[in-house]
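I've put the structures underneath this note.
Presented sequentially are two complexes of subunit A, the first with subunit B as partner and the second with subunit C.
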Partner chain A sequence: MSELTQSSAPRRFIGGQLLGSSQLVLGVILAVLCIAISIAAPQFYSEANIIAILRQCALVLIVASGMTMLIITAEVDLSVGASLAFVGCIGMAVLNSTHSLTLGLLAALAFSGAVGLFNGLVVTMLKVNSLIATIGTMMMLQGGVYLFTREAVQNHHRLAGFTDLGAGYIGAIPLPVVVAAVIFALAAATLRFTTLGRYLYAVGANERAVRLSGVRSQRLKLFAFVVTGLCVGIAGMILSSLMNAGQPTAGRGFELTVIAAVILGGTSLLGGRGSLLGTLLGVLVLKVIDNGIIILGWNQDLQMVVPGIVIILATYLDIVRNRANVG
Partner chain B sequence: MSVDFLHPDETVAVDKSVPALEMRGIGKRFPGVVALDNVDLTLEPGKIHALMGENGAGKSTLIKIMAGVYGKDAGNIRLRGREADIKSPRDSLKEGIKVVFQEIALIAEFSVAENIFLEGYPTGKGGSIDWKKIRADAAALFRRIGFNVDPAARTGSLPVSQQQMVEIARALVHEARVVVMDEPTSSLTPNEVSLLFTVIRRLAALGIAVLYVSHKLDEVFEIADTVTVLRDGRHVSTRPISEHTNDTLIQDMIGRRIENLFPRKRGAPGSKVALSVQGLSTAKKLKDVSFEAHAGEVLGFFGLMGAGRTELAKAIVGFDPITSGTISVDGSPLLPHDTHTGVRLGIGLLTEDRKSEGLMGELPVYQNASLASLGAFARMGFVDKASERKAVQDYVDRFRIRTPSLFQQVKNLSGGNQQKVLISRWLMRGLKVIVVDEPTRGIDVGAKSEIFALIDRLAGEGLAVVMMTSEMPELLGLADRIAVMCEGRLTAIMSRDEATQENILNAAIG
Partner chain C sequence: MSLASTDTTKSGPSMLARLVARQEVALLLCLILVIAFFSFTAENFFSVRNITNVLGQASLALTAGIGCAIVFISGEVDISIGSLLATIALPLIIIMNDTNSLVLGISGALLFGLIIGVVNGYLTAYAGINSLIVTLGTMFIMRGGVYLYTGQRAIPDDAALDSFIALSDGRLFNVVPYSAIIAIVLLAVFAYVMQHRPFGRQIYAVGGNPEVARLAGYDVRRVKFICFIISALLATVAGIILGARVGSAQHTAGLNFEFQVVAATVLGGVSLAGGIGSLTGMALGVLILQFLSNGLRGLGLPTEWQLVITGMIIIAAVAFDEAKRRRAIGV
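Presenting the complex of A and B:
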């Protein structure tokens, strides 16, 4: 249908301008959800509830920030949930034996960064598809954490700073929310304004073209894997602080929530397309649904069912929108 | 289904005075564009009729109307003298029109014979399929068109050229009176092309009207009796091929004269060695290739399909690994052997496969152009977008890249404009050696001369241009020296003055 090229070019261009509208759609969905829930349950807008939602969002957003970069390069990491649990256990164990918050955090970051590096090397050097590679890592970590500890690693060190990690505030804002906001801002600025960010999109859009242009595409992917790993390290320590223990069973299904938020936010699994703003909205939508189900007193199992429906619907809407643009 | 088509020497019973297909005043609109406007086309039985035009001229729309893929908005179609109403691909087949599209529509997992009789298997007792008969009938069909394919072979395992033959054989099963071939040679080797031509002539001899859709001039001159040219959805001319020359055909296709397809503005090449390749071998293809390219020179590489040109191109820029040999750019060895080092030393590849190795289709024009030189627009790691866009805009203006804006997704540009974006990518980076692989593949005749002018300019600015091409006119028109490859080896290097089509082809055959 090459005959169409000339005429459809301007229309596609308008479509390109409206590309941000996947975020617009998401924003509208979010607003509708908030209004609907608050009509049914006015306590939705209480300060306590909003802070609870934000704290819920923080963990997901921290990891989703790294995951957005990774998916933009057309790779994915399914091991983040398993890694999250393992990191908490290791961090807590190091805290117990050293009584140093710094060493505990460093151990957690070193471990999770190493997991990211391992994933990245398997994908870039051994050329194993990232979906498969990180399922492998996930299984190794899920089993490995039980080799490390059969039960939860309890808090024996009583470090006040550690408790603050999850429960502290800066002004009126919970510390995890501040941490998430900082990581989000850094990642968003990187993707939007830096050469590194531009290369991440480029690798996802066409890795061979990037390589031919003299850019080391493997290192870019490796970078995204390690950043995702480090985000897991931070989130894992916050989670263990919130639970006041390193839980080997924590984080089951966490990877799905994170990836769902990223995809919901309009980032393409094929790479080269996506934004952190979208991811933020995706996280908010999922967590507002979660919260709504709880405060409306619905069956909690719906917390899995409803987001599942939302993801399929949102992705379908995206396809419809793209089709409308192409004509 | 009748079986009379099985007699190898029988011709289709046709009245040669009645056109096999007549299209009158065909019109077709898509939202926002007139794809076809009042187009006429008449196909005579037993004749080969070429349909030519640039991309966007309306060729594919017209044949899709014949095939029943699109409906027409205006005009009428007559088959063998009577009005025909084609509403679906099924109608079209029933009316005796068989279109062989570029994308081959066979079931890869089925045998050749099964594919041929897909629409109706001959059945034996109790409705069971008569496999023996299917194979025998298929073999007979191939004999009839003068081509040999094993009917039991799995279709997907055959080369494209043979799959095309299977499609053509299907035309005979349907007793087609009109066979349409859409750009059938785009992925064939020269040998396969000549086989295909034999088969097409055989079809014509059987009394079938053949419509041959192509934009390759030499092929059309070789095979067609008559040629119809479309431009911008309108009928431009229908003339016997004998009344055309290369120039008149091009003029009809692009609507203006091209004075000189290969304008040479650059001076004589320098003597400074910009690229030196010594004893280069790769695991799969290349064997002991050595040559030098000078600054300001276009060194053309010719070879038949499979000679190793693309492999050489990818090896010397560091994209594909090598097993032995040295490459140096301006005296510096390409070590380690990767594209990062290559680009740093100043050698880059303009790929033959724009879609999978060149373009980032979803991303805007300016990001595609600046990909290799992004570092030059960075301050502390941040992209200075204003200066980046200004630099790209500069190239868009200089090279007359037709795009609505810098933010247009590059996949929406025409092939010629995409190629200019990719050339800009390298010029913005600044190279000493540029390797161009089939620089005009998939590019319209009109845009070709612009690409040639650009290549001339690159050499004029002092780059060494290493050009891989399978197009003889391109080679003779642009190159200062000509290197010829055969099966991974370099078989000759000659100056432009020594080169003739004959000695180039001799060296290419080995």
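Presenting the complex of A and C:
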């Protein structure tokens, strides 16, 4: 309950709010990383590299925006990686047969939204633990995508608009980054400034209390599942545009990267606590590490090892800081 | 949550109704149903050879599932076991190649598993970090470590010791695979500990209600710490069996293994909330999924359909169980 009041109480100082959250730790980690990498490799601060980092952040941030909402309601979705691959294949197949970008995007969103809806209904109506329900969906999607297509769905339509989805620019900023920024801003505004957002926190912190006060808690969770699904649809289309094909093997382990970023950002798996600003920092930390490993010419397999250490370390530092605040 | 565990013993009109209400009995009926169905539909399903084969294949998930279930019952989760499977194959195969000694290789692997268990357990129980985060982290670290060390190439088992190969190929009296016997013995030992030894009760108490367990004088942290060590050591044993089966250390070994084991464990009625479930249930869950996938293959369905159907069955089974539980407590 204290978590609930902490997150939804009116905030007095922006500075105090930053200091009072795990985002401070993350901000420091990010700053240290950026300084250390740029000392070792000055090209880190080149415009091209910063745009490359942002572009890599975009996919994760889009899905992580939905996932943050979902984890705040104390649920989780492990099927996003499998769904990401499936959406790319379906979107590309529809594009190939209709030559319409709108229809392709709609098909992708309809599919991924339906996956989110299915997950949400299983969790809210059948009361299946979301970790298990979405492992089940993950298996169904992994099997289903191979039944749908055994090999990559190639780009036969050559629509310029589709290529722009991944490679286009608005001014100097890549289109995926703009899309990610818009989705991030929408999600952050929903969580922070709307009644809906406050209810999402409340459902995660104490679902029973929310239900007893007359709010349909199940619908809120359903909403978060569908939003996460739709985010996957957008990310899936951008990914298939970047690869210029719908790959059934894409998105392996993507769910873990997204969840790692959200957790790293200080969102509690128990629900009721977290913020999108934290998620943004979490995504940035993970992707700056990835980028640093490439720029420094280290073995790319370190891209798995280092995030593992960072997730544990950041969570531990957060616990230590909380203890210091309390005691 | 803890309400649910008491209601089956208290009430219930008839003996039969009470028996069917027990999770393990319902699961056993499911297992018999699955076996009966495929015996009629799939060719060569109901043969000694096929059934012992399935037992051998199930030995990996059975062994690791014991640890998974124990950690669940203590109120935590361990999703690092899939990566652990790949990691411990390195010391196992490398030491055997260097020394030609199975004992040294297995000791090295167990020592490695022990270290991982201590790390997972310490970070969760003593440093107080959420176990999903800890084991997600060690999962990444170990998988990345294996990729780094092997350069994404398999390390072959050059020693090819007969005793090691027997772990996957050997059969007692030419019938039951040794790997299945290892799993069954481990299962029996740990089921006994969980039901009849004080330590088993402590694990249930700690997972059911840590505060009450603490007030009852149990060392909650120590119990959880030991559970993670047990889990890592059992996953190590599964990794040794897998190493014998594939005859090399593979960097992709055990990918998604943790999800399969978690799914089977939950299917077997072990609650993620802690304090509820039994190893017998977990074992039945593993066997149901294993016989199912074997039977579907026997029907000539491709692996993709097996994945789809397994996913659906996991969701349906847990949903059914949840509905039953809610009716029992009258919600």
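Methods note: the second predicted complex is superposed on the first by the 306 of 327 C-alpha atoms of A that agree within 3 Å, B and C clash if a C-alpha of one lies under 4 Å from a C-alpha of the other, contacts with A are read in each partner's own complex, and residues count from 1 in each chain.
Everything below uses one rule, namely that a residue touches a chain if its C-beta (ideal position, glycine included) is under 8 Å from a C-beta of that chain, and two chains touch if they have at least 3 such contacts.
From a predicted model like this one, the values you see are computed outputs, not experimental measurements.
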If you stack the two complexes on chain A, which partner ends up touching A:276: first (subunit B), second (subunit C), both, or neither? neither
After the superposition on A, what does A:238 contact: first (subunit B), second (subunit C), both or neither? neither
If you stack the two complexes on chain A, which partner ends up touching A:193: first (subunit B), second (subunit C), both, or neither? first
Now for A:226: first (subunit B), second (subunit C), both, or neither, which partner does it touch? neither
Who does A:33 touch here: subunit B (first), subunit C (second), both, or neither? neither
Looking at A:139 after the superposition, I want to know if it touches subunit B, subunit C, both of them or none. Which is it: first, second, both, neither? second
Scan A:177 for contacts with subunit B and subunit C and give back first, second, both or neither. neither
For A:209, using the defined touch cut-off, is the partner it touches subunit B, subunit C, both, or neither? Pick first, second, both or neither. first
Go through the superposed model and pick first if A:58 touches only subunit B, second if only subunit C, both, or neither. neither
Inside the complex, what are the residues of subunit A that reach subunit B? 1-13, 16, 193-196, 198-199, 201-202, 205-206, 208-216, 272-273, 327
Which residues of subunit C touch subunit A in the complex? 123, 127-130, 132-134, 136-141, 143-145, 147-148, 152, 259, 262-263, 266, 272, 302-308, 310-312, 314-315, 318-319, 322-323, 326
Subunit A partner contacts - residues on subunit B that touch it in the complex: 30-33, 35, 55-58, 60-61, 233, 317, 319, 338-340, 342-344, 348-349, 351, 356-364, 367, 371-372, 374-375, 377-378, 381-383, 404-405, 407-409, 412-414, 425, 429
Spell out the residues on subunit A that touch subunit C in their complex, using ranges where they run on. 78, 122, 126-129, 131-133, 135-140, 142-144, 146-147, 256, 259-260, 263, 269, 299, 301-309, 311-312, 315-316, 319
